[in-house]
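These are the structures, in structure tokens.
The following pair of complexes shares a single chain, chain A, combined with chain B in the former and chain C in the latter.
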Partner chain A sequence: MILFEGPWTFLSVATLVTMVAVAVSILVASLRVMRGPSLPDRVVALDLVGLLAVSVISVVAIATQQPVLLDAAIALALIAFLSTVAFARFIEWQGENAE
Partner chain B sequence: MKSLILRTTTRPIIVVLLLISIFLLLRGHDLPGGGFIGGLVAAAAAALYAIAFGADAAARLLRVRPELLVGWGMAATVVAGLLGMLAGREFLTGLWWVIAVGDQELKLSTPLLFDVGVYLVVVGVILRFVLSLEER
Partner chain C sequence: MNWVELIAGVLLLAGAAFVLVSAIGVVRFPDVYMRMHAATKAGTLGAGLMLGAASIVFGELGITVRSFVVFFFLLLTAPVAAHVLGRAAYYAGVPRWERTKLDELAGRYDEADGTPGELGRPVQRGDDIPYP
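Coming up: the complex of A and B.
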């Protein structure tokens, strides 16, 4: 990684700050996944974790100067909401069966 | 699932997902990608369609049964291996043909055929799972 080598540039500082911010966000969102009182809370938090994973990949792509990683970020960003849709379907199905 | 928002957004997203899956399939030899991951992305697109419009609509969109895709995919991988043997080399030896298209080079190879086979197998297997679960 170029991030921690050589003189501090604006880009490397910004990358480092972003990494810390995203890491804290994932930690807080994971707490919500674990504690969330209801299932919808957990689903929304899990969606947030998925989108934060997209930003992790993007930041790592910048830090390592590997544009190839951005394709993975695009694919993940398009797929990430699929799990939320599946969960929504499951919750809907659960509600129908409970009645 | 009868949701207007989901049904409307599904159509453009499926187009982009299928484009990315083909892009991943064709780029896979030297860079990240390949038949397996491309097939997974394509299967995710079809799964999204099945969730939004129902399993029957997804099966109609696919036109062929997923089991047939698995069969054709396996046949493609075996043919890719046998082509190496026909050229008098070991089974699964990679053969490359470079065709000049204008001032560009089009590189065709048996590894590409193998990857297409893997792609079809992955799409077929995952779709069989998804459609069976949706039909329930």
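Coming up: the complex of A and C.
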């Protein structure tokens, strides 16, 4: 992490706090993935986890000064959207016994 | 401390706050539709703020365009995904919160194949289907 090797600046402290907050968010959202009473609950939480992964990529791109990582964010956002739509079609097709 | 670092840090912290609020909402809200409300809107805004911070930090045209493309894509797809998922959850019979007062779709759509009900058009107040 290039940003953390120099002296502490406001940006590096903010990046560190943001990393911790996003990590906690992923843990909390995956609690809903594990616990969610129905399949749509799990899919909503998985969609949020995909969105949080995009946030992680942009924060890590700032921390390591590697803007190339944003290309991965584009692909990840596309895959998260497609998987959510596929899950929704699956739930609609399965009806009430989807679990 | 220069202005670029200050603005980018503030954007990062605001994005972290929104993302944390949306994750807490996904766990704490009582039914799937409210959870969708938390995940879709606050999560998209938080990720967008972080992408904005990245575009400010690097300060090059190509990177700014790239991060705005990601944000635009998120803005475009989040409502579509939430609508498709909400529709699927409604037809799959996912239970609503027991204190939900109003279900405007009840009786207006054929639950078997997901087509409009016997009226075949959006129902107004005062039509023959009783308002719940």
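Odds and ends about this structure:
Note that the second predicted complex is superposed on the first by the 94 of 99 C-alpha atoms of A that agree within 3 Å, B and C clash if a C-alpha of one lies under 4 Å from a C-alpha of the other, contacts with A are read in each partner's own complex, and residues count from 1 in each chain.
Keep in mind that, in the parts below, contacts are C-beta pairs under 8 Å (C-beta built on N, C-alpha and C of every residue); 3 or more make two chains touch, one makes a residue touch a chain.
This is a predicted model, so every value here is computed, not measured.
Superposition of the two complexes onto chain A shows chain B and chain C fitting side by side, with no clash. In the overlay built on the shared chain, the residue A:Val44 is in contact with chain C alone; chain B does not reach it.
When the shared chain is aligned, chain B and chain C each come close enough to touch A:Ala88. Panel annotation: after superposition on the shared chain A, the angle at the CA centre of chain A between chain B and chain C (CA centres) reads 100 degrees, nearest 10. Of the two partner chains placed around the shared chain by superposition, chain B and chain C are both touched by A:Leu78. A simple residue count on chain A separates chain B from chain C, and the partner touching more is C. Shared-chain residue A:Leu31: touches chain C; no touch with chain B. Minimum C-alpha separation, chain B to chain C, in the superposed model: 5 Å.
Residues 71, 74, 78, 85, 88-89, 92 of chain A are contacted both by chain B in one complex and by chain C in the other. In the complex of the two chains, the chain A residues touching chain C come out as 9-11, 13-15, 17-18, 21-22, 24-26, 28-29, 31-32, 38-41, 43-45, 47-48, 51-52, 54-55, 58-59, 61-62, 67, 70-71, 73-74, 77-78, 81, 84-85, 87-89, 91-92, 94-96, 98. Interface residues of chain A facing chain B in the complex, by the touch rule stated above, are 68, 71-72, 74-75, 78-79, 82, 85-86, 88-89, 92. For chain C in complex with chain A, the residues that touch the partner chain are 1, 5-6, 8-10, 12-13, 15-17, 19-20, 22-24, 26-27, 32, 35-36, 39-40, 43-44, 46-47, 50-51, 53-54, 57-58, 60, 63, 66-67, 69-70, 73-74, 77-78, 80-81, 84-85, 87-89, 91-95, 114. Of all residues in chain B, only 1, 6, 13, 16-17, 20, 23-24, 31-33, 41, 44, 47-48, 51-52 touch chain A in the complex they form.
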